[in-house]
């Protein structure tokens, strides 16, 4: 059976830590970092990368267009 | 299992890229507050222009409002209108260059307060343009004053005790009004705080460009969005408030849609 | 006597209200005051600053480009205002987020780690009061009680229950401020 | 002495209007003066005095709302900043043509167009020469402190009603945003309808049997009547020019050079006078408080005393024309200014003065 | 028979007078073209004010349009507005003098073109005033240019070959728009070229004053009328044309009426 | 020689625009200039040249429509009369701030307010000092005949595009309504998009890969950049003042007295010169054709030659200030004028001249 | 049986001869005069006064409010 | 040579177009012309008038208050303009509706009952052409053929079928105009 797995890449320097992506992820992949970027924002990161399916939900709602999404088919 | 062996490095490869920032957004960082919906609409709009490959035919009009600097982000030719007058500029441009895709991008103060006459008449004439209308229920840029669309009892810097209907009238459903006018061909209300909402908004904007190409008349796309800063909430709180308060009064969906050609 | 002060940091750090409290305290002491903020579009984020003048005489220009005292609360403001302090003047800063510490040695430099302290006190909103306390310790431009009175005046009635905790913060500020470097007398 | 408060210029205006017993404020938000309406809203003037507060749909609606209420003899005001004031030009000339009293605040920002939201004085011409069509004048007051923002509400309304002419307070972003100590006056009562009927028999308070109907209009299709009306207006402006000129002089008695500056720049120029005198230059400052009427006579007099005049403005040089017209070539008049939201420093003005008059 | 003996002199006696010019019309001769409906509406309005005995409480706002000089005829306190801004003046007056009866009297160019924003927003706020709107499908005063209400194919001095919907949009039914707004309490369309029409118009204006007294919100009365001069017809031709062309597009009747109190 | 036609000034403007290859006219009717749009409508410019004609919902919409089209490099114009021009002030300052070329016709009527529909020159200040906010100038042309109404469409567009600055034709009801013989020029082709792209690389014609995106705006939030822009504008106005002054002189060579008058009054003043010379008074006339730039230098020169200057205006005295500023006290400058729609007669001007300068 | 009869009085100097009253009369009472008033208007008059019932229709539609109507009950 | 003419009557009498035809005729003859109408709000009724100047030289002021020729078509205009005719000038009027006939005897007075004649000819619209014909008979400011050419030029193509009847009317005017009184030479 074909399955997909994904990853996101957040441009952490441009992320504003708005956290809008967090609840948008159906698989609870994203959280805000404790660290801040140079603008003082707690940027988003994958706290749970394996759960990512590459569904792009987070990227769709990201107001700053700082999320790239990758997706790969994996055959089980 | 096979999955276990897949590393992030395997996945994060050019060929697996399924979502990237459209090249029609410039590199400038949005000046918007964290979590503001303006950025999403900007992106979606530019994605459509990229997908339709009409960068060289698109002329956008920025309003006066938080999105006044939209031209810093959208990599197309743009003009910055006087407050409320974007539909007039668009009329001037489209009438003299009928083969271009002309759109305005306006806030609720801009479009539904000072610009009411220009909005109504561009819609009534059926100018063959698209109006993208960001309804965040407030004047964001100037510090959160009441807009025509501010909800009953909603607080703003000019209604610190909540909007009083007796004094200020009901929140204006301008979208319902323009849907009445024969000049509009497509009138719809969307959101961008959820993935599904973003997908639909994108579809709506694609429709608008299509109808414009078909010379159907004016497409009017309202996007109900948050102004978390003006509402004095965190972005996610604001989006929740939007669902619970804005959407019941401003329900999403198509108000008017032309037959397919 | 006239003190020309800049207070600069992020929006939301209470920069403007610190200035207001100083002014009110000045008024209570019968002084002339001006409070001149920077202003811009109302989006969140970005820096905020306010110039405050407290003087015994009529204040001519409220717009100043050199300061007796600079209170600096983020790196951008450090970059912008360090060099605007008059020789022999005072620079007070919070070390939180500061990546390049002040380098001048013709001015008096103090550090008050108010952000950390406020976090410790679990009253992050009193951050600016801690800074204020620090300031008044090293430069008593207004009397301490007058500052508390100023605080009262600048707070709407409905927030008056917050006065004690703020007052405490002011005193805490006087305790934690630390001298970094004294001005070297330079050949004028 | 009244109560002392720390207020922004924009807030002082609003507080003054409430205490002055104003009947209404109608306005539309714009930076840097949105605090005017916000302060009103927070104060609930309806409850404090019965004063009406309404956020209009536009600046045009707002000026026409005060046009209506002013016609009814009400004490009403609006405020805006440069682009909004440009939109009010038609309304202003109607109000001037209908000879109605009202108060308009312009918290000037830099133009042209959307420009900048930072302070400027580049709406001087618009305010004093008439940005609207036709021959008319606003009475223009230029406050230079928050206290004057407060005080000129009373002065402005008084002049407006005395001459049945709109009065503009020409301020700028710096004075609007700045906080200073303000002495607050007593609360005055609002006028009753009966009082209005007696004091302003021209007002549209409803036609009673004992008088003819009142008509507020600026239309006159008969040219000779229209010209008569134009002359009546001119006479009024002459009278205002004779009686209502206000200005402040600082160290003018022995001055060899004179700065002319109003509002924010006059504050800077006070410091310039100080700096120049420290260097031994006998400098004085004339601060016009009324821009229309302009202190022409006084400047004409001073043209005999000083060796040069420097008009200091945050504009490309507008008031300098009125200074030149006042002295009519009798003394050298120069201009120094900054633009775009930049406030000149005292030091650069001293330099400009030296360069233009003293050499080097 | 008895009738034969009755002479005109017998009948024309003060005690038999059943219709006379209301004393609230001044003696000035209307400057309107012969047959223009403005005069009828003026008269009916003044009759109502006389009947309600509210001369001392009525403030009228004249527009810019043929009725710009309405204040020469109506013997009440009046103000002359800038073109299109009558609803704003009325708002200023009514808000500061809530016990007065405030009405505007406006043409279709004034109300539905340049004054669109003021019209929509006064209606939306539910200003407690009456708007009397004379729709003659043209700009009368300035020489018969197209108005927003000009019918399709109708000729005017700016549409000498007839109004082209493609270019100029559809005739604007502003009355239908304002009827949508919760702020209006009473919205009706009437005529004054027939006796029955005049009777109904009078009733409508009486209603408007009643609702104003009851603080119900804004009453909006459209009167479809002729501009025989602008239409280049004789008055009776014009009235016929009105019935055959204007009324099918602008049908008479109440669009909105509040419950009786 | 081109075809001769008998036309109203208002019609000549419209015909000229079509023949000049204009791309669009957007306007709103108002007396005494409604013939402009009516003439266009009758001519069906869409069919003649493809020029767009649109009756806007208001003057504000109209000026913003031309703002839009001008940003796209199109040759567009609007027209109105005084109250409508007051409404356009915000739009005008935006256009000036965005540095766009376009043509605005003001067929002036008497104000203030609704005033009269008869001719006047009382919008001089508004036109030349800037009725909108901020430091900007329109280029202002003052035709005095129907032929010039026609000709100045070309001149106006040329100057507008040369300097990327809005040009105003400041006319009045008399010239707008009057018919005279007009020599009509050839039909010029409208520019193609390709030509526009080449000639006006700043225009929003759609971003192609070979250039950066074009942005039309007047906004600049950074004060030092804004000031730089303000200085750039000032430099442009200086250049215009140096290069583009236009005026006509009538019997000035030996004049001892000088009339200064533009537009309709300059026509009357031609007759005044004749009448005065018949009485032995050596009178000349300087007719400014450009009001901005104003013929300051020439007047300054003439201040050495003549004994007195009389500014004749249909206003309360507006241009006279520019005359005074030009001569800076070197010669006596007086004003004579009528208002309210009244056009002064040649005879009364002769009397005024004698009374003010010659005695009795 | 009670019957009514009526008459109208036109202010002929102010009548503008618009003729709007003419078709409004159910009994064809009104016509325009051949003569003109001092303004040059052919004013309205009762060409058929006996037919008038005083119904006021004409007065209602008269744009210049120049018609007075009288009505009297007549017992047959 | 310069003729300064006023034509005045009711709106709708063709006053303005008569002036236009004169001007066009003047242009055809190579003259300078100006045509300056009175204007007002566009309501029906009321008077209309136009000043026409036809001159060999550049015309300075198009606004005139005294006339060489006055063509007067109703009583109001008679009241207004009779006294504006220059001594020795011409006054031509239509007697229809005139209640007070012209009284001056220092001007040449002619009467042309064009209204009656037009009614007789059943072409009421040619009224103004009859007057024009009368004018050209007594003051041939332009040649007759040029007037007909002017007529052609001033009429849109689609009305050109009306030219013959108008031409006829012009000639009729030359026939029916009657002298009322010649100017008496007065001591200047």
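As written, the chain order gives the labels A, B, C, D, E, F, G and H, with residue 1 at the start of each chain.
Just so it is clear, contacts are C-beta pairs under 8 Å (C-beta built on N, C-alpha and C of every residue); 3 or more make two chains touch, one makes a residue touch a chain.
A quick note: this is a predicted structure, and the numbers were derived from the prediction, not measured.
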- Message: So if I look at the partners of subunit B and the partners of subunit F, which chains show up in both lists?
- Response: D, E
- Note on the structure: Most contact pairs found between chains D-F
- Item | Rounded Å distance, subunit A centre to subunit C centre (Cα mean) | 39
- So, what's the distance in Å between the C-alpha centres of subunit D and subunit C? 34
- Between the Cα centroids of subunit C and subunit G the separation in whole angstrom comes to 88
- Item | Two or more partner chains touched - positions in subunit G | 16
- Query: Which residues belonging to subunit C are in contact with no fewer than two other chains?
  - Reply: 40-42, 45
- Could you tell me which residues belong to subunit B and also touch two or more other chains? 32, 34, 68, 80, 82, 113-114, 116-117, 121, 141-143, 148, 168
- Query: Mind giving me all the chain pairs that touch?
  - Reply: A-B, A-C, B-C, B-D, B-E, B-F, C-D, D-E, D-F, E-F, E-G, E-H, F-H, G-H
- Query: Which of the residues in subunit B end up touching subunit D in this complex?
  - Reply: 64, 68, 80, 82-84, 113-114, 116, 139, 141-143, 145-146, 148, 157-161, 167-168
- Over in the complex, which subunit B residues touch subunit A? Could you list them? 1-3, 6, 8, 10-13, 16-22, 25, 29-30, 32, 34-40, 42-43, 192-195, 198-199, 234-236, 239
- Residues on subunit A engaged by subunit B in the complex (per definition of touch): 3, 5-7, 9, 14, 16-20, 22-24, 41, 49, 54-57, 59-72, 74-76
- Where on subunit H does subunit G make contact in their complex? 10, 45, 74, 97
- subunit F contacts subunit B in the complex at 23-24, 26, 52, 54, 56-58, 60-62, 64-72, 74, 76, 90-91, 94, 98, 193, 204-209, 213-219
